[in-house]
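In what follows, structures are represented as C-alpha coordinates.
Each of the next two complexes has chain A plus one more chain, namely chain B in the first and chain C in the second.
This part shows the complex of A and B:
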(Lines of atoms letter the chains of each structure in order from A and count residues from 1; the text may use other names and numbers.)
(Lines give C-alpha, C1' and ligand atoms only; values in the text may rest on other atoms or scores of the structure.)
Protein backbone atom coordinates (compact mmCIF):
# COMPACT_ATOMS: atom_id res chain seq x y z
CA UNK A 1 0.00 0.00 0.00
CA UNK A 2 1.05 3.62 -0.51
CA UNK A 3 1.47 5.77 2.57
CA UNK A 4 2.19 9.46 2.94
CA UNK A 5 4.73 9.89 5.75
CA UNK A 6 5.37 13.38 7.07
CA UNK A 7 8.45 13.74 9.24
CA UNK A 8 7.37 16.65 11.45
CA UNK A 9 9.58 19.69 10.89
CA UNK A 10 11.08 18.10 7.78
CA UNK A 11 9.81 16.68 4.52
CA UNK A 12 6.98 14.43 3.42
CA UNK A 13 7.70 11.04 1.87
CA UNK A 14 5.50 8.82 -0.29
CA UNK A 15 6.28 5.26 0.74
CA UNK A 16 5.12 1.94 -0.73
CA UNK A 17 5.04 -0.87 1.85
CA UNK A 18 3.86 -4.47 1.92
CA UNK A 19 0.29 -5.06 3.07
CA UNK A 20 1.54 -6.73 6.26
CA UNK A 21 4.05 -3.98 7.08
CA UNK A 22 4.10 -2.44 10.56
CA UNK A 23 4.48 1.21 11.51
CA UNK A 24 8.06 0.36 12.52
CA UNK A 25 8.67 -0.78 8.92
CA UNK A 26 7.32 2.55 7.75
CA UNK A 27 9.73 4.41 10.01
CA UNK A 28 12.64 2.35 8.73
CA UNK A 29 11.56 3.11 5.17
CA UNK A 30 12.23 6.81 5.76
CA UNK A 31 15.65 6.03 7.28
CA UNK A 32 14.71 6.67 10.89
CA UNK A 33 14.96 4.38 13.91
CA UNK A 34 11.70 3.39 15.64
CA UNK A 35 13.48 4.10 18.94
CA UNK A 36 13.93 7.80 18.18
CA UNK A 37 10.43 8.64 16.94
CA UNK A 38 6.73 8.43 17.70
CA UNK A 39 4.27 7.58 14.92
CA UNK A 40 0.98 9.48 15.02
CA UNK A 41 -2.24 8.88 13.10
CA UNK A 42 -4.89 11.60 13.30
CA UNK A 43 -2.80 13.25 16.00
CA UNK A 44 -2.61 10.18 18.26
CA UNK A 45 0.35 7.85 18.82
CA UNK A 46 0.01 4.33 17.44
CA UNK A 47 1.98 1.25 18.57
CA UNK A 48 4.85 0.72 16.19
CA UNK A 49 4.37 -3.06 16.11
CA UNK A 50 0.85 -2.67 14.72
CA UNK A 51 0.16 -3.27 11.00
CA UNK A 52 -0.16 -0.12 8.91
CA UNK A 53 -3.82 0.81 8.37
CA UNK A 54 -3.61 4.55 7.71
CA UNK A 55 -2.57 6.10 4.42
CA UNK A 56 -1.30 9.29 6.09
CA UNK A 57 0.94 9.28 9.15
CA UNK A 58 3.15 11.75 10.95
CA UNK A 59 6.49 10.81 12.42
CA UNK A 60 7.71 12.94 15.30
CA UNK A 61 11.34 12.81 16.33
CA UNK A 62 11.33 12.38 20.11
CA UNK A 63 12.57 15.25 22.22
CA UNK A 64 14.17 13.80 25.31
CA UNK A 65 17.24 13.64 27.48
CA UNK A 66 18.30 13.49 31.06
CA UNK A 67 20.69 14.56 33.75
CA UNK A 68 22.62 11.30 33.77
CA UNK B 1 24.98 28.95 8.64
CA UNK B 2 22.39 29.97 11.24
CA UNK B 3 22.86 32.79 13.73
CA UNK B 4 24.75 32.08 16.95
CA UNK B 5 22.29 34.20 18.91
CA UNK B 6 18.83 33.60 20.32
CA UNK B 7 16.42 36.39 21.11
CA UNK B 8 14.08 35.52 23.97
CA UNK B 9 11.18 37.78 24.90
CA UNK B 10 10.91 38.71 28.57
CA UNK B 11 7.46 37.13 28.69
CA UNK B 12 8.81 33.84 27.28
CA UNK B 13 11.73 33.84 29.74
CA UNK B 14 9.36 34.52 32.64
CA UNK B 15 7.10 31.69 31.52
CA UNK B 16 10.02 29.24 31.27
CA UNK B 17 11.35 30.22 34.72
CA UNK B 18 7.87 29.96 36.22
CA UNK B 19 7.38 26.48 34.75
CA UNK B 20 10.81 25.35 35.95
CA UNK B 21 10.17 26.65 39.47
CA UNK B 22 6.87 24.77 39.58
CA UNK B 23 8.78 21.59 38.73
CA UNK B 24 11.49 22.23 41.29
CA UNK B 25 9.07 22.82 44.15
CA UNK B 26 7.54 20.06 46.21
CA UNK B 27 9.06 17.00 47.81
CA UNK B 28 10.37 15.50 44.58
CA UNK B 29 11.83 17.90 42.02
CA UNK B 30 11.03 17.05 38.42
CA UNK B 31 12.24 18.22 35.04
CA UNK B 32 9.70 20.21 33.04
CA UNK B 33 9.68 20.75 29.29
CA UNK B 34 7.98 22.50 26.40
CA UNK B 35 8.09 23.97 22.92
CA UNK B 36 9.67 27.30 21.97
CA UNK B 37 7.52 29.26 19.49
CA UNK B 38 8.48 32.31 17.45
CA UNK B 39 10.39 32.91 14.26
CA UNK B 40 13.39 31.02 12.97
CA UNK B 41 16.12 33.32 11.74
CA UNK B 42 18.99 32.93 9.30
CA UNK B 43 22.70 33.70 9.26
CA UNK B 44 22.05 37.39 9.89
CA UNK B 45 18.94 37.22 12.04
CA UNK B 46 18.72 35.37 15.34
CA UNK B 47 15.95 32.93 16.08
CA UNK B 48 13.31 34.74 18.11
CA UNK B 49 11.23 33.11 20.84
CA UNK B 50 8.06 34.99 21.68
CA UNK B 51 5.99 32.25 23.28
CA UNK B 52 6.21 28.86 24.91
CA UNK B 53 3.91 25.88 25.14
CA UNK B 54 4.17 23.66 28.19
CA UNK B 55 4.26 19.95 27.34
CA UNK B 56 3.90 17.13 29.89
CA UNK B 57 7.10 15.30 30.76
CA UNK B 58 6.31 11.61 30.14
CA UNK B 59 9.76 10.23 31.08
CA UNK B 60 9.67 7.24 33.44
CA UNK B 61 11.84 9.10 35.98
CA UNK B 62 11.01 12.81 35.62
CA UNK B 63 13.40 13.73 38.42
CA UNK B 64 16.39 13.08 36.18
CA UNK B 65 14.94 12.60 32.68
CA UNK B 66 12.64 14.42 30.32
CA UNK B 67 10.60 13.33 27.30
CA UNK B 68 8.02 15.58 25.70
CA UNK B 69 4.61 13.94 25.35
CA UNK B 70 4.37 13.31 21.57
CA UNK B 71 0.66 14.04 21.19
CA UNK B 72 0.85 17.41 22.99
CA UNK B 73 4.07 18.25 21.16
CA UNK B 74 2.46 17.67 17.78
CA UNK B 75 -0.54 19.79 18.82
CA UNK B 76 1.79 22.61 19.90
CA UNK B 77 3.78 22.45 16.65
CA UNK B 78 0.69 22.45 14.45
CA UNK B 79 -0.93 25.22 16.48
CA UNK B 80 2.17 27.38 16.04
CA UNK B 81 2.38 26.68 12.32
CA UNK B 82 -1.34 27.36 11.82
CA UNK B 83 -0.81 30.74 13.50
CA UNK B 84 1.98 31.53 11.03
CA UNK B 85 4.74 31.02 13.61
CA UNK B 86 7.70 28.67 13.67
CA UNK B 87 8.82 26.09 16.14
CA UNK B 88 12.22 27.42 17.17
CA UNK B 89 13.13 24.54 19.46
CA UNK B 90 12.45 23.02 22.84
CA UNK B 91 13.22 23.66 26.49
CA UNK B 92 13.70 21.56 29.57
CA UNK B 93 14.76 22.22 33.13
CA UNK B 94 17.58 20.94 35.30
CA UNK B 95 15.97 21.40 38.73
CA UNK B 96 19.00 20.22 40.68
CA UNK B 97 21.95 20.95 38.42
CA UNK B 98 23.37 23.75 36.23
CA UNK B 99 21.95 24.61 32.81
CA UNK B 100 24.38 22.51 30.76
CA UNK B 101 23.64 19.66 28.31
CA UNK B 102 24.38 16.26 29.82
CA UNK B 103 25.86 13.32 27.97
CA UNK B 104 22.33 11.87 27.78
CA UNK B 105 21.06 15.13 26.29
CA UNK B 106 23.72 14.79 23.57
CA UNK B 107 23.02 11.14 22.87
CA UNK B 108 19.30 11.70 22.53
CA UNK B 109 19.18 14.99 20.61
CA UNK B 110 17.44 14.50 17.26
CA UNK B 111 16.19 17.87 15.99
CA UNK B 112 19.11 19.01 13.85
CA UNK B 113 19.30 22.79 13.43
CA UNK B 114 16.83 23.48 16.25
CA UNK B 115 17.37 25.19 19.60
CA UNK B 116 17.65 23.20 22.81
CA UNK B 117 17.21 25.54 25.78
CA UNK B 118 17.98 24.52 29.35
CA UNK B 119 16.78 26.38 32.42
CA UNK B 120 18.18 26.02 35.92
CA UNK B 121 15.73 27.54 38.40
CA UNK B 122 18.20 27.00 41.24
CA UNK B 123 20.86 29.09 39.50
CA UNK B 124 18.35 31.50 37.92
CA UNK B 125 19.96 30.68 34.58
CA UNK B 126 18.77 30.12 31.02
CA UNK B 127 21.22 28.91 28.37
CA UNK B 128 20.66 27.65 24.83
CA UNK B 129 22.37 25.60 22.17
CA UNK B 130 21.70 24.60 18.59
CA UNK B 131 21.98 20.89 17.80
CA UNK B 132 24.25 20.55 14.77
CA UNK B 133 23.56 16.84 14.38
CA UNK B 134 26.88 16.13 16.09
CA UNK B 135 27.24 18.66 18.90
CA UNK B 136 25.50 21.40 20.81
CA UNK B 137 26.68 24.80 19.57
CA UNK B 138 26.40 27.54 22.17
CA UNK B 139 24.00 30.39 21.45
CA UNK B 140 24.18 33.83 23.01
CA UNK B 141 20.80 34.41 24.67
CA UNK B 142 19.48 37.96 24.61
CA UNK B 143 16.37 38.64 26.65
CA UNK B 144 14.43 41.66 25.44
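This part shows the complex of A and C:
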Protein backbone atom coordinates (compact mmCIF):
# COMPACT_ATOMS: atom_id res chain seq x y z
CA UNK A 1 0.00 0.00 0.00
CA UNK A 2 1.01 3.63 -0.51
CA UNK A 3 1.28 5.86 2.53
CA UNK A 4 1.98 9.55 2.78
CA UNK A 5 4.45 10.11 5.63
CA UNK A 6 4.96 13.68 6.82
CA UNK A 7 7.97 14.19 9.06
CA UNK A 8 6.74 17.18 11.05
CA UNK A 9 8.81 20.29 10.36
CA UNK A 10 10.67 18.50 7.59
CA UNK A 11 9.66 16.85 4.32
CA UNK A 12 6.81 14.61 3.21
CA UNK A 13 7.55 11.16 1.76
CA UNK A 14 5.37 8.89 -0.35
CA UNK A 15 6.18 5.39 0.88
CA UNK A 16 5.12 2.05 -0.60
CA UNK A 17 4.99 -0.75 1.98
CA UNK A 18 3.72 -4.34 2.15
CA UNK A 19 0.11 -4.82 3.20
CA UNK A 20 1.19 -6.35 6.50
CA UNK A 21 3.70 -3.58 7.31
CA UNK A 22 3.72 -1.92 10.72
CA UNK A 23 4.10 1.76 11.60
CA UNK A 24 7.68 0.90 12.65
CA UNK A 25 8.33 -0.23 9.05
CA UNK A 26 7.07 3.16 7.81
CA UNK A 27 9.45 4.92 10.18
CA UNK A 28 12.38 2.80 9.01
CA UNK A 29 11.42 3.55 5.41
CA UNK A 30 12.10 7.25 6.04
CA UNK A 31 15.43 6.45 7.75
CA UNK A 32 14.37 7.11 11.32
CA UNK A 33 14.31 4.85 14.38
CA UNK A 34 11.02 4.02 16.12
CA UNK A 35 12.87 4.97 19.32
CA UNK A 36 13.27 8.59 18.27
CA UNK A 37 9.78 9.35 16.91
CA UNK A 38 6.07 8.97 17.54
CA UNK A 39 3.68 8.15 14.70
CA UNK A 40 0.49 10.22 14.71
CA UNK A 41 -2.69 9.07 12.98
CA UNK A 42 -5.36 11.80 12.96
CA UNK A 43 -3.23 13.62 15.53
CA UNK A 44 -3.14 10.71 18.01
CA UNK A 45 0.01 8.68 18.74
CA UNK A 46 -0.23 4.97 17.82
CA UNK A 47 1.89 2.00 18.96
CA UNK A 48 4.57 1.43 16.30
CA UNK A 49 4.17 -2.37 16.32
CA UNK A 50 0.65 -2.12 14.89
CA UNK A 51 -0.24 -2.82 11.23
CA UNK A 52 -0.59 0.29 9.08
CA UNK A 53 -4.24 1.20 8.64
CA UNK A 54 -3.99 4.82 7.54
CA UNK A 55 -2.86 6.26 4.22
CA UNK A 56 -1.61 9.48 5.83
CA UNK A 57 0.52 9.64 8.94
CA UNK A 58 2.62 12.25 10.67
CA UNK A 59 5.94 11.37 12.22
CA UNK A 60 6.91 13.54 15.16
CA UNK A 61 10.64 13.65 15.88
CA UNK A 62 11.08 13.58 19.63
CA UNK A 63 14.84 13.43 19.92
CA UNK A 64 17.36 15.95 18.71
CA UNK A 65 20.86 15.10 17.66
CA UNK A 66 22.47 17.34 20.27
CA UNK A 67 22.04 17.83 23.99
CA UNK A 68 20.04 20.51 25.72
CA UNK B 1 -5.04 -1.85 19.69
CA UNK B 2 -6.33 -1.58 23.25
CA UNK B 3 -4.39 -0.59 26.34
CA UNK B 4 -3.20 -3.59 28.39
CA UNK B 5 -4.93 -2.15 31.45
CA UNK B 6 -8.22 -0.72 30.14
CA UNK B 7 -10.31 -0.55 26.97
CA UNK B 8 -9.00 2.77 25.68
CA UNK B 9 -6.79 2.95 22.56
CA UNK B 10 -3.08 2.41 23.21
CA UNK B 11 -0.88 5.41 22.29
CA UNK B 12 2.45 3.61 22.59
CA UNK B 13 4.23 0.30 22.86
CA UNK B 14 7.22 -0.16 25.14
CA UNK B 15 9.12 -2.66 23.02
CA UNK B 16 11.46 -3.54 25.93
CA UNK B 17 8.51 -4.83 27.98
CA UNK B 18 5.85 -5.46 25.34
CA UNK B 19 3.39 -3.18 27.16
CA UNK B 20 0.75 -1.28 25.18
CA UNK B 21 -0.61 1.67 27.13
CA UNK B 22 -3.27 4.33 26.65
CA UNK B 23 -2.55 7.97 27.39
CA UNK B 24 -3.63 7.77 31.04
CA UNK B 25 -1.84 4.54 31.87
CA UNK B 26 1.28 5.62 29.97
CA UNK B 27 1.51 8.92 31.86
CA UNK B 28 0.88 7.14 35.17
CA UNK B 29 3.67 4.70 34.32
CA UNK B 30 6.17 7.53 33.66
CA UNK B 31 5.23 9.19 36.96
CA UNK B 32 5.52 5.89 38.80
CA UNK B 33 9.04 5.30 37.48
CA UNK B 34 10.16 8.76 38.60
CA UNK B 35 8.68 8.25 42.08
CA UNK B 36 10.24 4.83 42.38
CA UNK B 37 13.64 6.24 41.45
CA UNK B 38 13.24 9.03 44.05
CA UNK B 39 12.46 6.34 46.63
CA UNK B 40 15.18 3.90 45.58
CA UNK B 41 17.82 6.63 45.58
CA UNK B 42 16.58 7.80 49.03
CA UNK B 43 16.25 11.41 47.88
CA UNK B 44 13.93 12.34 50.76
CA UNK B 45 16.05 12.18 53.92
CA UNK B 46 14.43 10.49 56.91
CA UNK B 47 14.93 13.60 59.02
CA UNK B 48 13.39 16.07 56.56
CA UNK B 49 10.51 17.89 58.27
CA UNK B 50 8.31 20.95 57.75
CA UNK B 51 10.65 22.84 60.12
CA UNK B 52 13.78 21.63 58.35
CA UNK B 53 12.83 20.83 54.75
CA UNK B 54 15.20 19.43 52.12
CA UNK B 55 15.76 21.99 49.34
CA UNK B 56 15.89 20.64 45.79
CA UNK B 57 17.11 22.91 43.03
CA UNK B 58 15.98 21.70 39.60
CA UNK B 59 18.13 22.61 36.61
CA UNK B 60 15.41 23.82 34.21
CA UNK B 61 16.61 24.41 30.65
CA UNK B 62 13.11 24.54 29.18
CA UNK B 63 13.80 21.46 27.06
CA UNK B 64 11.38 18.54 27.32
CA UNK B 65 13.43 16.58 29.87
CA UNK B 66 13.74 19.25 32.53
CA UNK B 67 10.17 20.44 31.91
CA UNK B 68 8.80 16.92 32.47
CA UNK B 69 10.99 16.45 35.55
CA UNK B 70 9.82 19.76 37.04
CA UNK B 71 6.17 18.96 36.29
CA UNK B 72 6.31 15.50 37.92
CA UNK B 73 8.31 16.68 40.95
CA UNK B 74 5.86 19.51 41.49
CA UNK B 75 2.90 17.10 41.28
CA UNK B 76 4.60 14.75 43.73
CA UNK B 77 6.22 17.14 46.19
CA UNK B 78 4.65 20.55 45.46
CA UNK B 79 2.51 20.31 48.57
CA UNK B 80 4.89 18.21 50.66
CA UNK B 81 6.18 20.47 53.47
CA UNK B 82 9.32 18.35 53.84
CA UNK B 83 10.57 19.39 50.38
CA UNK B 84 11.27 22.87 48.95
CA UNK B 85 11.46 23.04 45.15
CA UNK B 86 13.28 25.81 43.30
CA UNK B 87 13.83 25.95 39.53
CA UNK B 88 17.11 27.35 38.18
CA UNK B 89 17.56 28.34 34.52
CA UNK B 90 20.73 29.42 32.83
CA UNK B 91 20.86 31.66 29.77
CA UNK B 92 24.03 30.88 27.84
CA UNK B 93 23.71 33.76 25.40
CA UNK B 94 22.66 31.78 22.34
CA UNK B 95 20.59 33.99 20.08
CA UNK B 96 17.16 32.66 19.12
CA UNK B 97 17.64 29.40 20.99
CA UNK B 98 17.72 29.92 24.71
CA UNK B 99 15.24 32.81 24.59
CA UNK B 100 12.47 30.45 23.50
CA UNK B 101 13.27 27.71 25.96
CA UNK B 102 13.52 30.32 28.71
CA UNK B 103 9.99 31.45 27.79
CA UNK B 104 8.89 27.81 28.22
CA UNK B 105 10.58 27.70 31.64
CA UNK B 106 8.97 30.95 32.79
CA UNK B 107 5.55 29.77 31.60
CA UNK B 108 5.89 26.44 33.40
CA UNK B 109 6.99 28.00 36.69
CA UNK B 110 4.16 30.52 36.53
CA UNK B 111 1.66 27.69 35.92
CA UNK B 112 3.05 25.81 38.90
CA UNK B 113 3.68 28.87 41.12
CA UNK B 114 7.22 27.64 41.52
CA UNK B 115 10.15 29.79 42.66
CA UNK B 116 12.30 30.37 39.56
CA UNK B 117 15.78 31.86 39.34
CA UNK B 118 17.33 32.85 36.02
CA UNK B 119 21.04 33.55 35.64
CA UNK B 120 23.01 34.34 32.49
CA UNK B 121 26.58 33.81 31.37
CA UNK B 122 26.61 37.42 30.27
CA UNK B 123 25.72 38.87 33.68
CA UNK B 124 27.68 36.36 35.72
CA UNK B 125 30.75 35.83 33.56
CA UNK B 126 30.67 38.69 31.09
CA UNK B 127 30.63 36.35 28.08
CA UNK B 128 27.95 34.99 25.72
CA UNK B 129 28.22 31.57 24.08
CA UNK B 130 27.67 33.08 20.61
CA UNK B 131 30.84 35.17 21.13
CA UNK B 132 32.75 32.29 22.74
CA UNK B 133 32.07 30.15 19.65
CA UNK B 134 33.23 32.98 17.43
CA UNK B 135 36.48 33.57 19.35
CA UNK B 136 37.26 29.98 20.41
CA UNK B 137 40.64 30.78 22.02
CA UNK B 138 41.33 27.21 23.13
CA UNK B 139 40.33 25.57 19.85
CA UNK B 140 37.68 23.44 21.59
CA UNK B 141 34.14 22.31 20.82
CA UNK B 142 31.46 24.81 21.99
CA UNK B 143 30.03 22.24 24.43
CA UNK B 144 33.40 22.02 26.17
CA UNK B 145 33.31 25.71 27.17
CA UNK B 146 29.59 25.67 27.82
CA UNK B 147 29.82 22.61 30.10
CA UNK B 148 32.46 24.27 32.30
CA UNK B 149 30.44 27.50 32.57
CA UNK B 150 27.13 25.74 33.19
CA UNK B 151 28.48 23.42 35.90
CA UNK B 152 30.08 26.36 37.67
CA UNK B 153 26.94 28.51 37.67
CA UNK B 154 24.63 25.61 38.62
CA UNK B 155 26.92 24.83 41.53
CA UNK B 156 27.29 28.45 42.63
CA UNK B 157 23.55 29.17 42.52
CA UNK B 158 22.56 25.82 44.01
CA UNK B 159 24.74 26.79 46.95
CA UNK B 160 23.31 30.30 47.14
CA UNK B 161 19.79 28.88 47.16
CA UNK B 162 20.80 26.58 50.04
CA UNK B 163 20.22 23.49 47.93
CA UNK B 164 20.55 20.10 49.56
CA UNK B 165 20.36 18.49 46.13
CA UNK B 166 20.66 19.55 42.52
CA UNK B 167 18.30 17.62 40.25
CA UNK B 168 18.69 17.38 36.49
CA UNK B 169 16.50 15.93 33.74
CA UNK B 170 18.85 13.31 32.30
CA UNK B 171 16.83 10.48 30.77
CA UNK B 172 17.62 6.81 30.14
CA UNK B 173 19.16 7.49 26.72
CA UNK B 174 21.46 10.19 28.15
CA UNK B 175 22.68 7.96 30.95
CA UNK B 176 23.13 4.87 28.77
CA UNK B 177 25.17 6.99 26.35
CA UNK B 178 27.35 8.32 29.16
CA UNK B 179 27.79 4.83 30.59
CA UNK B 180 28.83 3.44 27.23
CA UNK B 181 31.17 6.37 26.54
CA UNK B 182 32.90 5.93 29.92
CA UNK B 183 33.22 2.23 29.24
CA UNK B 184 34.50 2.60 25.67
CA UNK B 185 36.99 5.23 26.83
CA UNK B 186 38.22 2.77 29.46
CA UNK B 187 37.73 5.41 32.12
CA UNK B 188 37.00 3.50 35.33
CA UNK B 189 37.86 6.51 37.52
CA UNK B 190 35.13 8.42 35.71
CA UNK B 191 32.70 5.53 36.29
CA UNK B 192 33.48 5.65 40.03
CA UNK B 193 32.98 9.44 40.09
CA UNK B 194 29.70 9.10 38.17
CA UNK B 195 28.37 6.89 40.99
CA UNK B 196 29.28 9.24 43.83
CA UNK B 197 28.37 12.41 41.90
CA UNK B 198 24.91 11.54 40.60
CA UNK B 199 23.72 7.97 40.07
CA UNK B 200 24.32 6.28 43.42
CA UNK B 201 21.55 6.06 46.02
CA UNK B 202 22.04 8.63 48.77
CA UNK B 203 22.63 5.89 51.31
CA UNK B 204 25.36 4.29 49.18
CA UNK B 205 27.24 7.39 48.07
CA UNK B 206 30.29 8.99 49.56
CA UNK B 207 29.25 12.65 49.73
CA UNK B 208 31.70 15.51 49.96
CA UNK B 209 31.12 18.96 51.42
CA UNK B 210 32.70 20.50 48.35
CA UNK B 211 29.77 20.12 45.97
CA UNK B 212 25.98 20.03 46.12
CA UNK B 213 25.07 16.38 45.41
CA UNK B 214 23.17 15.67 42.22
CA UNK B 215 20.37 13.30 41.30
CA UNK B 216 18.66 12.26 38.08
CA UNK B 217 15.16 11.02 38.88
CA UNK B 218 14.19 10.75 35.19
CA UNK B 219 16.96 8.33 34.32
CA UNK B 220 14.74 5.22 34.06
CA UNK B 221 12.55 6.78 31.38
CA UNK B 222 13.59 6.50 27.70
CA UNK B 223 13.99 9.85 25.92
CA UNK B 224 11.15 9.09 23.54
CA UNK B 225 8.76 8.48 26.42
CA UNK B 226 9.79 11.73 28.11
CA UNK B 227 8.98 13.57 24.89
CA UNK B 228 5.71 11.70 24.41
CA UNK B 229 4.72 12.57 27.99
CA UNK B 230 5.43 16.28 27.33
CA UNK B 231 3.40 16.07 24.11
CA UNK B 232 0.41 14.31 25.69
CA UNK B 233 0.37 16.61 28.74
CA UNK B 234 0.79 19.61 26.44
CA UNK B 235 3.65 20.92 28.55
CA UNK B 236 5.44 24.08 27.40
CA UNK B 237 8.61 22.32 26.23
CA UNK B 238 11.00 23.61 23.65
CA UNK B 239 12.34 21.01 21.24
CA UNK B 240 15.11 22.39 19.06
CA UNK B 241 18.69 21.41 18.78
CA UNK B 242 21.22 23.89 20.15
CA UNK B 243 22.76 25.61 17.08
CA UNK B 244 26.25 25.05 18.53
CA UNK B 245 25.69 21.35 19.40
CA UNK B 246 28.95 19.60 18.70
CA UNK B 247 29.27 16.43 20.71
CA UNK B 248 30.15 14.26 17.74
CA UNK B 249 31.16 11.21 19.75
CA UNK B 250 27.97 11.25 21.80
CA UNK B 251 25.98 11.50 18.56
CA UNK B 252 27.74 8.42 17.25
CA UNK B 253 26.96 6.50 20.45
CA UNK B 254 23.35 7.72 20.31
CA UNK B 255 22.91 6.28 16.82
CA UNK B 256 24.59 3.03 17.85
CA UNK B 257 22.27 2.68 20.85
CA UNK B 258 19.14 3.41 18.80
CA UNK B 259 20.16 0.68 16.37
CA UNK B 260 20.90 -1.78 19.19
CA UNK B 261 17.60 -0.95 20.88
CA UNK B 262 15.73 -1.63 17.64
CA UNK B 263 17.34 -5.04 17.22
CA UNK B 264 17.55 -5.94 20.91
CA UNK B 265 14.84 -4.15 22.89
CA UNK B 266 15.88 -3.49 26.49
CA UNK B 267 19.54 -2.81 25.71
CA UNK B 268 19.53 0.63 27.40
CA UNK B 269 17.94 -0.78 30.55
CA UNK B 270 20.39 -3.66 30.76
CA UNK B 271 23.39 -1.39 30.13
CA UNK B 272 22.31 0.76 33.08
CA UNK B 273 21.50 -2.15 35.39
CA UNK B 274 24.97 -3.62 34.93
CA UNK B 275 26.71 -0.26 34.86
CA UNK B 276 25.20 0.91 38.14
CA UNK B 277 26.37 -2.24 39.87
CA UNK B 278 29.87 -1.93 38.43
CA UNK B 279 29.98 1.81 39.17
CA UNK B 280 29.23 1.13 42.83
CA UNK B 281 32.06 -1.42 43.01
CA UNK B 282 34.40 1.00 41.27
CA UNK B 283 33.39 3.80 43.64
CA UNK B 284 34.05 1.63 46.70
CA UNK B 285 37.40 0.56 45.29
CA UNK B 286 38.55 4.05 44.28
CA UNK B 287 37.27 6.04 47.25
CA UNK B 288 39.93 7.73 49.33
CA UNK B 289 42.34 6.89 46.54
CA UNK B 290 43.92 9.41 44.20
CA UNK B 291 42.32 12.77 43.61
CA UNK B 292 39.52 12.46 46.19
CA UNK B 293 42.31 13.19 48.66
CA UNK B 294 43.28 16.40 46.93
CA UNK B 295 42.33 19.32 49.13
CA UNK B 296 40.19 21.74 47.10
CA UNK B 297 40.92 25.46 47.35
CA UNK B 298 38.80 28.45 46.60
CA UNK B 299 39.57 30.04 43.25
CA UNK B 300 41.37 33.29 44.03
CA UNK B 301 39.21 35.20 41.54
CA UNK B 302 35.68 33.84 41.98
CA UNK B 303 35.72 31.56 45.04
CA UNK B 304 34.64 28.40 43.16
CA UNK B 305 36.18 25.10 44.26
CA UNK B 306 39.35 24.20 42.38
CA UNK B 307 42.38 21.95 42.73
CA UNK B 308 44.68 24.85 41.74
CA UNK B 309 44.66 28.58 42.45
CA UNK B 310 42.48 29.79 39.56
CA UNK B 311 39.50 27.67 38.42
CA UNK B 312 38.97 26.38 34.91
CA UNK B 313 36.00 28.69 34.32
CA UNK B 314 38.02 31.82 35.18
CA UNK B 315 40.88 30.66 32.93
CA UNK B 316 38.47 30.13 30.02
CA UNK B 317 36.76 33.49 30.56
CA UNK B 318 40.18 35.16 30.61
CA UNK B 319 41.15 33.40 27.38
CA UNK B 320 37.93 34.52 25.67
CA UNK B 321 38.40 38.12 26.83
CA UNK B 322 42.00 38.15 25.61
CA UNK B 323 40.90 37.59 21.99
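The working rule: the second predicted complex is superposed on the first by the 62 of 68 C-alpha atoms of A that agree within 3 Å, B and C clash if a C-alpha of one lies under 4 Å from a C-alpha of the other, contacts with A are read in each partner's own complex, and residues count from 1 in each chain.
Basically, contacts are C-beta pairs under 8 Å (C-beta built on N, C-alpha and C of every residue); 3 or more make two chains touch, one makes a residue touch a chain.
None of these values were measured; they are calculated from a predicted model.
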Checklist entry - Just chain B (first), just chain C (second), both, or neither: which does A:63 touch? => result both
Checklist entry - So, A:36: does it touch chain B (first), chain C (second), both, or neither? => result both
Next on the checklist: Touch test for A:45: chain B only (first), chain C only (second), both, or neither?
Outcome noted: both
Checklist entry - Taking the superposition as given, does A:8 touch the first partner, chain B, the second, chain C, both, or neither? => result first
Next on the checklist: Going by the contact definition given at the top, which residues of chain A touch chain B in one complex and chain C in the other?
Outcome noted: 36-38, 44-45, 60, 62-68
Checklist outcome for this item: The residues of chain C that touch chain A in their complex are 1, 9-13, 15, 20, 61, 63-66, 101, 143, 173-174, 222-224, 227-228, 231-232, 239-242, 245-247, 250-251, 254, 258-259, 261-262
Next on the checklist: Looking at the complex, which residues from chain A come into contact with chain C?
Outcome noted: 33-38, 44-50, 60, 62-68
Next on the checklist: Give the list of chain B residues in touch with chain A in this complex.
Outcome noted: 31, 33, 59, 61, 64-68, 70-71, 73-75, 77, 87, 90, 92, 94, 96-97, 101-105, 107-111, 114
Next on the checklist: Can you tell me which positions in chain A touch chain B when the two form their complex?
Outcome noted: 8-9, 36-38, 40, 43-45, 58, 60-68
